[in-house]
Amino acid sequence: MRSVIREYPKGRLEAFTDGVIAIVITLLVLDLGVKAGSEDDLLQAILDEWPAYLAYFISFFTVGAFWLRHHTITNNIREVDTAFLRLNLLVIFFLSFLPFPTKLVAEFLEQEDAERVAVVFYGIVLLLVAVSFNLLWRYASHKRRLLNRDTSDDEVRELNDALTPSLAGYVIAIAVGIAFPTVAVVLFLVMAIFIALPLGTFRAAVRQS
Amino acid sequence: MRSVIREYPKGRLEAFTDGVIAIVITLLVLDLGVKAGSEDDLLQAILDEWPAYLAYFISFFTVGAFWLRHHTITNNIREVDTAFLRLNLLVIFFLSFLPFPTKLVAEFLEQEDAERVAVVFYGIVLLLVAVSFNLLWRYASHKRRLLNRDTSDDEVRELNDALTPSLAGYVIAIAVGIAFPTVAVVLFLVMAIFIALPLGTFRAAVRQS
Amino acid sequence: MRSVIREYPKGRLEAFTDGVIAIVITLLVLDLGVKAGSEDDLLQAILDEWPAYLAYFISFFTVGAFWLRHHTITNNIREVDTAFLRLNLLVIFFLSFLPFPTKLVAEFLEQEDAERVAVVFYGIVLLLVAVSFNLLWRYASHKRRLLNRDTSDDEVRELNDALTPSLAGYVIAIAVGIAFPTVAVVLFLVMAIFIALPLGTFRAAVRQS
Amino acid sequence: MRSVIREYPKGRLEAFTDGVIAIVITLLVLDLGVKAGSEDDLLQAILDEWPAYLAYFISFFTVGAFWLRHHTITNNIREVDTAFLRLNLLVIFFLSFLPFPTKLVAEFLEQEDAERVAVVFYGIVLLLVAVSFNLLWRYASHKRRLLNRDTSDDEVRELNDALTPSLAGYVIAIAVGIAFPTVAVVLFLVMAIFIALPLGTFRAAVRQS
C-alpha cells in the first residue's frame, strides 16, 4: 500500500468529499420535529422549536462554508497524494461528527448548565474541523507541494489569511462559551454567516455588472 | 477568500447539488411507516397512511421538478463564480429544509387547525425555495453574466417565464391555504405534477417519433 | 421550460440516479436492530431478526440489479432529453419508495395475514419499478431515439429480453403472494440473486481467463 | 443482459461506490446521542457514551481505509466488466451492513456476554468486507485481466501484500474476541488506525519536502 499509492487525479477525492458533506448538511434536518401532542397549537409548537432551527442554521452554513473552502483548496491543487487523502479523511471525520453536537445544542439551549456543556462541545468539534482544514491546506501548500502552477503566492497567502482567523474565532467562541454560552452561539452564527455569505462578494458582483 | 475564489468549472457545484437533492428526495421515505399494532389489519393500516403518501408524492415531485430546473440552469451557464456558489447554497438550504414541513403535513392533514398551520408552513418553505431559485437564475442571467455563448435570448426569456409563475403559484396556494388548507394541498399537487410531468413533453416526444 | 430543455449530456442524470440508488441501498440498514432488552441473549436476539436480514438482502440485491440495468441503459444511449429525464424521475420515485414496503416485510414476516399484505404490497412496488424501467428503456430505444450509434439491434433485443421477464416474474410473484406469501418471498429472493449475481457471468469470466 | 454488458468506463462504478461509502461513513453518527434526562449532568452523559464514540471511530476509519483501498484498486484498472461490477456490489453489500454491528458494539460494550457476541459479529462482518475486497482485486488482477498497462507487477504484488494481512488480522481478532472481546476491540482500533493513518506515509511526505 506504500509505493503503490503515489499520486492521483483529484476528481474522486472531490466526489467523495462532496458526498459526505452533502449528507452531513442534509441529515441535520432529521432532528427537526415537533413534540408529540402538538396538534392543539401547532404554530406555537413550531415556534417553540427555535433552538433547533438556530442550531440547524448555524451548522448548515458552517458546513456550507467549509464546502466552499474545500472547493477553493482542491481548485488550487493539481493532484492528490496518499497523505493528502488521509488528511482529507480526518477533515471528513470531524465534519461528519458535527450532527451530534448540533443535536445537543438544539436540545439543551436554554437549559443553563447543559447549554454550557453543549455549546463548548460544539465549539470544540468546530475547532477540530477548522484545525484539520488548516492541516490539509498547509500540507498541500507547503513548498507548493501539490499546488497548481497558476496559483500565485498571493493567492496562497490570501487563503492562509482566510483559514487562520477561523481558528482564532473558534478558540474565542469556546472561551466565551464557558462563561456565556448564549453569546458563543451568536458568535458561531456570525462566523457562519460571515464565511458563507460575505456581503463583499455580492457587492463586488453587483459592481461588476 | 476574496480574490482567490474567482471562477470555477461548474462540475463540482452540480455534483454537490445533485448529492443534496438525491438525499432530500430519498430521506422523505424515512417518515413512512404504519402505527404500532397494525398486524391485525395491515391493509387498513397502510391505507390509513394516505396523507403521508400524498405529502411524500408532492414533495418528491416538487424536489424532482427543482432538480430539472437546476439542471436547465447549469446547462445554460459556462462556469460559476463565488456569488453563484453562495446563492446555490441558499437554494440547497431551503430545499434540504423541506422534509420537516413535509413531515408536518403528513402528520396533521385532516386535523383542522394544525392542518392549516402545517400547509401554510409548507407553502412558505416552497416559496422560499422558488425565490432562491429565481435569485440564482437572475444572478446568472443578468446581462448574461455567466451564460453560455449559445444560450439565446429567447431561451433566457423562456426560462424566466417558467420560473416566475411558480412564485405566483406558491403565493396563491399559501393564501388559499389560510382559508382552505385542503385546497392548497391540491394546488401543490397540481403544481408538482405540472412542473415534473408536463403532458406537453410527452406529446412532443410521441409526435417526434 | 419547454423548448429550452432539449438534449443534455447524460453525466448528470447518471450522477443523480447513482446518488439516489446509493442512498436507497444504504438506508435499508437503518431498519436493522435488536429489540430492547436483548443483552441477556444477544446471539438469540440477532438470530431472531432473520426476517429483517432476508428483506434487507432481497431489497439490496434487487436495487443493485436495477442499478446494473440503469448502467446498461445509459451506457447504450448517447444523450438524454426532457422526457427521458422525467421518466427517470419516475423510476427513482418507485425505487426510493422501496424501503417502506421492505420495512413492512421485515416486520410482519411470519404474521400470517399481515405477511400476505406486506408481501403483495412489496411485490407491487417492485413491479412498478420494473414497469418504469421498461418505459425508460422503450422510450430510449424506440426507433433508436436516444441510442448510441454502436449499439446494435441485437443488443437492443437482448436488453428487451432481459427487462421483460422481470415484469412477468413480479406479476407471478404477486399472484403467488396472495395465496402463499412465503413462497413469494422466495421468488423475490431468487429473482434478486438471478439478476444481480448470474452464474453465467462468472462462468464466462473464468472461461475467458 | 449477458453479451450486452461487456466493458464499461470505470467512472460510474467509482461514483456509485463513493456514494455508498460516503453514506455509510456519515450514517454512523446517527447512532450517537445522550440518554433522555441528561440535562442535569450533560458532561457526564456525553462522557458515558464513550463506547459509542469508540465504535464510531473504529468503523469510520475502517470504512475510510476501505475507501482508500478501493481508490487504489480502481486507479490500477483501465475499465470494468460485468463480473467486476457484481463483485463490487458484494463489497458494497457488506460495507453498508456495517452500521448494524457497529450499533451493537456501541450498545453492548461493557456488558459481558452481549459484548462477546457483538464484537465477534462485528469482526465477522469486517472479515466479509475484507474477503470481498480481496475477491474484487484478485479478479481484476488475475492474469492482469482489467489492469492498467502502466501498473507494474511489483505494484500488483504490493497491493496483494497490503490486502492479505487484513484478512489474517480480522481472523485473529475474531478468535481473540471469543475469549477477550475488549482485546478484540483494541485490535480493530489498531488495524483501522494502521491502515488509515500509517505513519510511514507522513514520514515519507515530510522527508520529501
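For reference, chains read A, B, C and D in written order, and residue numbers begin at 1 within each chain.
To be clear about the criterion, contacts are C-beta pairs under 8 Å (C-beta built on N, C-alpha and C of every residue); 3 or more make two chains touch, one makes a residue touch a chain.
What you see is a predicted model, and the numbers here were worked out from it, not measured in a lab.
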Classification of the chain B:chain C interface as same or different, half of numbers criterion: different
When chain A is superposed on chain B by its C-alpha atoms, the rotation angle in degrees, nearest 5: 90
CA centroid of chain A to CA centroid of chain D, Å: 25
Where chain B and chain D are represented by their mean Cα positions, the distance between them in whole Å: 36
Multi-chain contact sites of chain B, meaning residues that touch two or more partners: 15, 19, 22-23, 27, 30
Residues on chain C engaged by chain D in the complex (per definition of touch): 14-15, 18-19, 21-23, 25-30, 32-34, 38-43, 46, 56, 60-61, 64, 67-69, 71-72, 74-76, 155, 158-159, 162, 195-198, 200-202, 204-205, 208-209
Chain C partner contacts - residues on chain D that touch it in the complex: 1-5, 8, 12, 15-16, 19-20, 22-24, 27, 30, 81-83, 85-86, 89-90, 92-93, 96-97, 99-100, 103-104, 108, 111, 113-114, 117-118, 121, 139, 142-143, 145
